Structures are given as structure tokens and as C-alpha cells.
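Several structures are given next for inspection.
Same chain, two partners: chain A is paired with chain B first, then with chain C.
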Partner chain A sequence: MTAYVLHLAIIAGIYIILTVSINLIIGYAGQVSLGHAAFYGIGAYASALVSLNWHFPFAAAALAAMLVAGVCGLALGLPTLRLKEDYLAIVTLGFGVIVDLIFLNLGITGGPDGLPGIPPPSFFGLSFRQPWLYLVLVIVTVILVLIATYRLVDSYHGRALRAIRDHEITAQVMGINTPAYKVFIFTLAAALAGLAGSLYAHYITFINPETFGLHTSILILTMVVLGGMGSILGSVLGAVILTILPELLREVHAYQDLVYGGLLVVLLIWRPEGILGRGKLSLKFLKKEG
Partner chain B sequence: MFFQQLINGLTTGSVYALIALGYTMIYGILGLINFAQGEIYMCGAFVTVLLLATGEVNFFLAFALGMGAAALLGVVLERVAFRPLRGYHPLVPLISAIGASIFLQSLALLLFGPNDRPFPIQFAFSTIKIAGLPVSTLQIAILAAALAFMVLLIVFVRYTTYGKAIVACALDRDTARLMGINVDRMVSLTFLLGSALSGAAGIMMAIYYNATYPRMGLLPGLKAFSAAILGGVGNIPGAILGGLLLGVAESLGAAYISSGFKDAIAFAILILVLLLRPQGILRGRGD
Partner chain C sequence: MLTLKSLQAGYGRVPVLKGISLHVRAGEVVTLIGGNGAGKTTTLRAISGLLPPRKGTVEFDGQDLTRMPAERIVTLGLALVPEGRRVFTSLSVTANLELGAYHRRDKGEVRRDLEAMRQRFPILKERAHQAAGTLSGGEQQILAIGRALMARPRLLMLDEPSMGLAPRMVTQVYEILAELKAAGTTILLVEQNARAALKVADRGYVLETGRIILDGTAAELREDPEVQRAYLGKGYKEVWE
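Take a look at the complex of A and B:
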């Protein structure tokens, strides 16, 4: 029982990082990414491959995961972020499908069988094979990510991002380099998703393409919308709720996607600000000007 | 070999074009990507297959009812999932459409199970030779039917009052309203037409691949949207051209480059188009 709770807590922690990172794109920069699980996967594969082939220690592997995912985010973001939201949605979705196919078809990623035997992290001879130790590692990482995100959104740069979200042209007139900000936040979010991927890979010790498909991208999106777009605490809550809820409702496992899909539509109609949105953050940006 | 791939590409391409027409019309009038278009396509196929499986309905009636069910689903979807969110940040209806798509897909999965269903009736299709080259009559039938639907749509949009009203709404919704056009009704009509075409596309693909399953709409839906962008979003001839080009590119790419990456070709083209010529081949009306 304890092991099960520990497992859920670790998974929830990983989802918190993913949800917070995509919330930076959606809730703060007002852009959309439907291929976020691809960066999660890129991070997981990168981290697994450098550990398996070159015996990188965990910290170096996690950094490599962030770097590779970040570079992929940069490569995708640079040409596409000048597109409007809806085009960006399709491009990121297409990117997710392409990355999924690459995982499936490439020799180095093990194809559909995936990569087994990823070593758990160890620091100074202390192995993190123990779930509770791993949970400590995840919690520390989540706290670091949250502190960094809070610092970012409360800074000049965070205000610049929200200005872009609320009115891009006005932001530009005020001297904000909007393309640079959008690319920056996209790259950062990709790198954070890569970090989450690394945490996942070294915890489960086995990865295959199934984990990083469209289903996961949609799940993360639902977590953001549930918690409230533009609320970091909301993202944390959304991630935790949607990790625990399916476990409580085991019998309705088959209905999971049905519930997520329905939840998205219903939430947007009745409470587009999410469970933590109201009063806390202005959601006026959701209403178009004029 | 090359000719065969070309015909295969044109056949799937004409089906992409039919779905792309729905995307492009809806985008033209609402500025919304209807992510659930692929599920409407799936709905058309399922209704027809289930009706035919009863053995009591003839093919043409089942085809028409399949299209009708798809059209109805499209109209209901607009009322439930999109209309309440009109006027919000474009992100909001977009996410709602994704939710609707996932919902419908998993609903179909629960109702019909994950397995492929074969098409219930067999047609006596054969291979004939045109100018010495073999062509399947099934492919000719699909191409001809798709072409007929496209011509009908173009005639409707160009020459009828309702068609012109839709174009007016797409050009400028507020002015159209001032001219006495009921914009909401035109939006519903657009969803009706676009969804009926997607439903027809689904039925044709169910015959062509002899398989109907809940996730069948996912990839054709995404590819058709790529086709709509390729041709210039909001542009009806562009959607047709984009669909055909995409189908041919995919078919040739799978044959000559790599069949494992067949599904990636459409998206690679999409990303290239957005980089090099974001307004599409024929300029779109959207921007």
C-alpha cells in the first residue's frame, strides 16, 4: 500500500513538472502546444540513451535530456512561433506524431519494444532504487522548478509574456521583442518537459513510445485547463487530481478518455478559468478584445 | 508502379480533399479549426456500416443516412461545444474542439469496440485498362464520387443565395449581419455541409480500406487539415488541390522513400508550407 502511494506521488510529481511547463506556453504566453509529450519523450529517450551507452551519471543525463529537448523545442519554435495559435496547434500536433514515428522506427530507440534496463540514479554511492528516496529527488526537483517558474512569471520577463498573451501588437509597440519571448518560453517549456522525461525514464527504468503519444499530450492539456490556465498552483492541483482520480475510479478505467474529453468541453463552457482561476488571476485575456 | 502509386495517391487525396473542404469552410466562417472533423468522418462511416450490417437498407440509402448523421453530429457539436465559446481567445474553442474529438473517439471505442469492422457488402469491382495501364474501378468510383461532391459544393457556394450568404459571413461577419443575414444559421449550415462531406469521405474510406474503427478519423483528419493549409485556408479550390497533392505526395513518398514514415510525410509538408509559403499555394482568405 505504501509502495503504491509512493508510486502515485512520484508520478504526480512528474506530471506537475509537465503541467507547469506547458502552462508557461498556454497560460502565460497565450500559445498552444499539442505535442508536449514529444518533448517529454525526447527527454526520456535522450536521458536513457546517454546512461545506457555512455554511462552518464543521473545528473548529467538529466541535463542532457533538458538540453536535447530544449534544442528540439528551439528548432520547432523558431520557424513556427510566428504562426497564429491554431496553426501552431496543428504544427505541434504534427510534430508529436512525427516524433512518435521516429521513436517507433529508429533502431537506436529500440522501436516498439523500447529501451529496458535504464539505471536508477545514484549520488555518491547512494542508489535511488528505493521509491521513497526517489520521491525525495522528485519533490526537490518539483520545488526547484516551481521556484524558478514563480521567479520567472513575477519578473519583468513574466510581465512581458503576459503582455504578449493579452495583446501581441500592443506588446510589440511597447518594445517587447515578442518572437524572441515566444521562442524562449517554448524552449524553456520543452527543456522542462525533457527533465520530466528523464525523471520518468530513470524511475520506471523502461521506456517505450506508448508513453509519449498524443494521449499524454491531451492529458497534460486537460490538467492545465482543469487547474486554470495561467495559474501555477492550479497546474499543480490539476496534475495531482488527474493522477489520483483515475486510480480512485479504477472500475471506470475504460471511460478515462471519455471523461477527459468531456471534462475539457464542460470546463471551458462553465468555468474557463479552471478550479483555481477565479479571483486569483485575471482571465480577461480569454475574452477577445472588442 | 509509378502510375499505380499516382492513382492510389489521387484516390486517398480526393478523400482528404473532401474533409479539407469542411475544415476550410468552417475556418473561413469562424476562424476555428474543428479538431473533431475526423470523428465526424468516423461517425459517417459507422452509421453506414451498421445500417448495411442489418441487411435491410440498400447501399445508397445507407450512404445518404451516413452523411445525414455526420451532418447532424456536426451541427450539434457546433451548438454544444463551440457556440457558447464564440468571442473568446482562439485558444478556448480550439481546446474545446480537442476535448470534443477525444470524447467522441472514446465514446465510439466504448460503443463499438477497438476492432476493425469490414464493409458489410461486397462490390464487384474489377481492374480495367486505361491507355494500357491497369486501374481499379473502385478507385474510379471514389474519384468520380468525390469530384461530384466537390462540384456540387462549388455550385452551391457560388450560385445559390445561401451559398453566397456563407461567403458573405466568411468575408465579414458583422457586415453580413447588417445586411440581414442570420449569421448563426449560416454557421450551422456551414457545419452541416462540411460535416456531410466529411461523412461521405469516411464512408468511401471504409469501402476503400474495408475497415471501420473508432480511431479511423484521427490521421485523415490531421492530414486533411494540412491539405487545407497547403491550399490556403478558407479557399475552396485550394482545399481540393491541397488534398490531391498531399495524397499523391504521401503515396509516392511511401513507395520511394520509406513506408514506416508514411504518416510523417503530410506533416513534414505542412511544416515546410508554413515556413515557405504560409498563405498556401492558392492564397487563403483566412489572413
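Take a look at the complex of A and C:
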């Protein structure tokens, strides 16, 4: 039983990082990203490949994952962040599909069979194969990510980002270089998703394209909407709730996608601000912005 | 200070400004009045760098602004109070003010200005931590003006500051404008409310369907029968006193 709870906790932690990363794009910069799982996958594959082929230690592999995912985020963001919302949505969606296909068809990524045998991390000679040790690793990473995100959001630049979200044109008139900020956040979010990918790869020790497709992109999206866009604590909540939910829905596994899709639609119609988004429950969070 | 020469601008295939020329001298309050769709907001957008002009030039203190990106223009000393206020709704009042000074490097002076702004407009101090979206229209207008002033602009541009405000609030806003004028701020005021605008302005231009059809001192415009008929109402009398 404990092994199962540990597993859930680790997965929840990974999803927290993913949700926080997409929240930066959607909730703070006010942009769209419908293919975010692609960066998750890019990070996972990058981390797996450098450890399998070049025997990178975990820390270096994770860094490589962040770097590669970040660069891909930059490459996608630079030409496309000038697009209007609807077009950006389609482009990010398409990117997700393309990356998925690449994973499926490239020899080096193992195709549909994926990459097995990814080495778990080891620090100071101690292998982190044990779930509870891995959980510690995940928790530490999550805490670091949360601290960094809070500090970004509360800063001078965080304010500029929220101004862009609220009214992009007016932000420009205040001297805020909106395209630069959008690209920066997109790149940062991609790097964080890559980090989550690395954590995933070295935990499960096996990855294949299935984990990083549209299904997961939608799941992350639902998590951020449920928790509340623009609320970091909301992202944590959304990730945790939607990690536990599938377990409760195990009986009706086949209907999971229906539930997620339905939940997303219902949320966006009736309570788009999610649990902790900018709504009645979020007053505490707003005070922080003073 | 600011000179527009034969400026043409539009959206896509639709031409809105068909060649306008105007100028604003330092210390003046100049108003651009006109009805809906005349092109007033388009003019301000073209000046602020939000809309690239098709032809013509925008010059500010000898610098050519015509194709400069919007985020650079504010660093040269122009600040815009946009149509409809456009405060950053989810940010606090204080955060909005701080953002007005985004491009300034002198952080110490910014803090001082922030304090001065709160003294000058007590409502901003009262609601310092409230989300800007929860303020009333008039309060938001004051916030938008304060935010623009935080940039320490050499030229302040306002787009229809009286729009959608109750008469009492309009009076309050215009009192603020009068004070700014007395303090020597250069102002370009775009308005549909010609009465209020011509009371505070030194000079004015009348914009109609993309062309300047009339210009002169505020007094001249107030006396002009065409202006009276079209923008000030028949039997125009001073009703604001």
C-alpha cells in the first residue's frame, strides 16, 4: 500500500512542476500552449538519451533536458509568439503532434517501443532507485521550482508579465517589451517541463511516445484550469487532485478522457477561474500583489 | 514639441487618417476633438507606436517617431492614458502605478514619485492594495492618469478621459487636468466632449472623418458657429459653472 502512495506522490510532484510551468504561459503571460507535453517528452528523451549513450550522471542529464527543452521552446516561441491567440493555439497544438510523430519514427528514440533501461539517479554512490528516496528528490525539486516561480511572479518582471496578461497593448505603451517577455516565459516554461520529463524518465526507467502526446497536454491544461490560472498554489492543487482522480476512476478507465474533457468544458463555462484563480477564493493571493 | 505631418494611417484596407498635420508646443494644452469614428484614437495610436502610419511623419523634439516600436516611445517622454482607462485589472493599484514607471531606472525617484502620487490622489492611497478592476470608473481614470504621470512624461496624451464617467467625475478629472496645466505639463487631449476639452485647452483641432477641418485657439473654436453647431450643441451655454 505504501509503495502505491509513494508512487502517486512522485507522479503528483512531477505533474506539479508541469502544471506550474504551463501556468506561467497561460496564467501569467496570458498566452496559449496546447502542446506542452511535447516539451515534457523532449526533456524525458533528452535526459534518457544522454544517460544511456553518454553515461551522464542524473544531475547533468536533468540539466541537459532543461537545456534542450528550453532551446526548443525558444525555437518555437520566437516566430510564433507574435501570432494572435487562435493561431498560437493551433501552432502549439501542431507542434505537439509533430514532436509526438518524431518520437514515434526516429530510430534513436526507439520508435513506438521507446527506451528501456534508463538508469536511476545516484548521488554519493547511493542509488535512488528506492521510491521513497526518489520522492525526496522530487519534493526537493518541486520546492525549488515553487520558490523560483514565486520569486519571479512577485518581482518587477512578474508585474510586467501580469500586465501583459491583463492588457497587452497598454503594457507595450508602458515600455514593456511584450514579445521579449512572451518568448522568455515560453522558453522558461519549456525548460521546466523538460525538467519534469527528466524526473519522469529516471523514475519509471522506461519511456515511450504514448506518455507525451495530446492526451497529456490536455491533462496538464485541465490541471491548470482546475487549480486556477494565475495561481501557483492552484497549480499544486490542480495537479494533486487530477493525479488522484484517475486512481479513483480506475474502474472506469475507458471513460477517463471523457471525464477530463468534460471537466475542462464545464470548468471553462462555469468557473473559468478554477479553484484558486482570480475569484472569490483568491483574495489572499491578490493581497500579495500589493 | 510634437509635430505630425500629413499623417495617414488605417487598419488593413480601411484608411482612417487621411493626412493630418498638427503640432503641440511645450507647455501647451492642445485638444483634438471630433465625433465617433473621426480618427481621434487612431491618431494617438499612431503617435504611440501602436499603429504604423502609412504615410507622413511623427516628430517629437526632433526625433522621428514614425516607425519606432511602442516600448521605446515611452522612454522618450510620451505617456498615454488610453481610451477606456485600461488599468491592469488583476494588479493592485500600487502595482499599476509602479508599472507606469517601468522604464525608469532611477528607482529612488520612482519611490518618491509614488508617495507624491498617493498624497496628490488620496483615493489611490486608500485603495492601494485593491485590485484595480474593483475600482469605479472615475477612480480607474484617476489611476490611469496617475500611472501615466509616474513615467514623468514630457508630453501627456489622454484619450477621451471623460468617456463613460458621471458628470461629477468628469469635473473632478478635468480639475486634475487644469492643475497639470497650471504646473506646466504639456498635454494632448483627445475628446468627444468638446465643451470640457475646450475649457481647459489653449488650442484645438477639429477632426472629422480623418481630416482636420478646423483649428485655432480654444476661444476661437468655442466661438466658431460650425463647432458650436456640431460639437457644442445649439444654444451652447456654460453649464459647467
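One rule holds in what follows: the second predicted complex is superposed on the first by the 277 of 290 C-alpha atoms of A that agree within 3 Å, B and C clash if a C-alpha of one lies under 4 Å from a C-alpha of the other, contacts with A are read in each partner's own complex, and residues count from 1 in each chain.
Convention: contacts are C-beta pairs under 8 Å (C-beta built on N, C-alpha and C of every residue); 3 or more make two chains touch, one makes a residue touch a chain.
Please read all numbers here as calculations on a predicted model, not as lab measurements.
Look at A:Lys182: by the touch rule set out above, it reaches neither chain B nor chain C.
Of the two partner chains, chain B is the only one that A:Leu268 touches; chain C does not reach it. Look at A:Ala89: by the touch rule set out above, it reaches chain B but stays clear of chain C. In the superposed model, A:Met174 lies in contact with chain C only, and not with chain B. When both complexes are overlaid on chain A, the residue A:His202 reaches neither chain B nor chain C. Once the two structures are superposed, chain B and chain C can be ranked by residues of chain A touched, with B on top.
Looking at the shared chain after the overlay, A:Val97 reaches chain B, while chain C stays out of its contact range. In the three-chain superposition model, chain A touches both chain B and chain C at residues 286-287. On the chain A side of its complex with chain C, the touching residues are 156, 159-160, 162-163, 165-167, 169-178, 230, 278, 286-287, 289-290. Against chain A, the residues of chain B that register as touching in their complex are 27, 31-33, 80-81, 84-85, 87-96, 98-107, 109-110, 218-219, 222, 225-226, 229, 258, 260-261, 263-264, 266-268, 270-271, 274-275, 278. Put simply, chain C touches chain A in their complex at residues 48-50, 69-75, 79-80, 82, 86, 88-92, 94-95, 98-100, 102-103, 128-129, 131, 147, 151. Interface of chain A with chain B (complex): residues 26, 30, 32, 34, 79-80, 83-87, 89-91, 93-95, 97-98, 101-102, 104-105, 214, 218, 221-222, 225, 229, 254-258, 260-265, 268-269, 272, 285-288.
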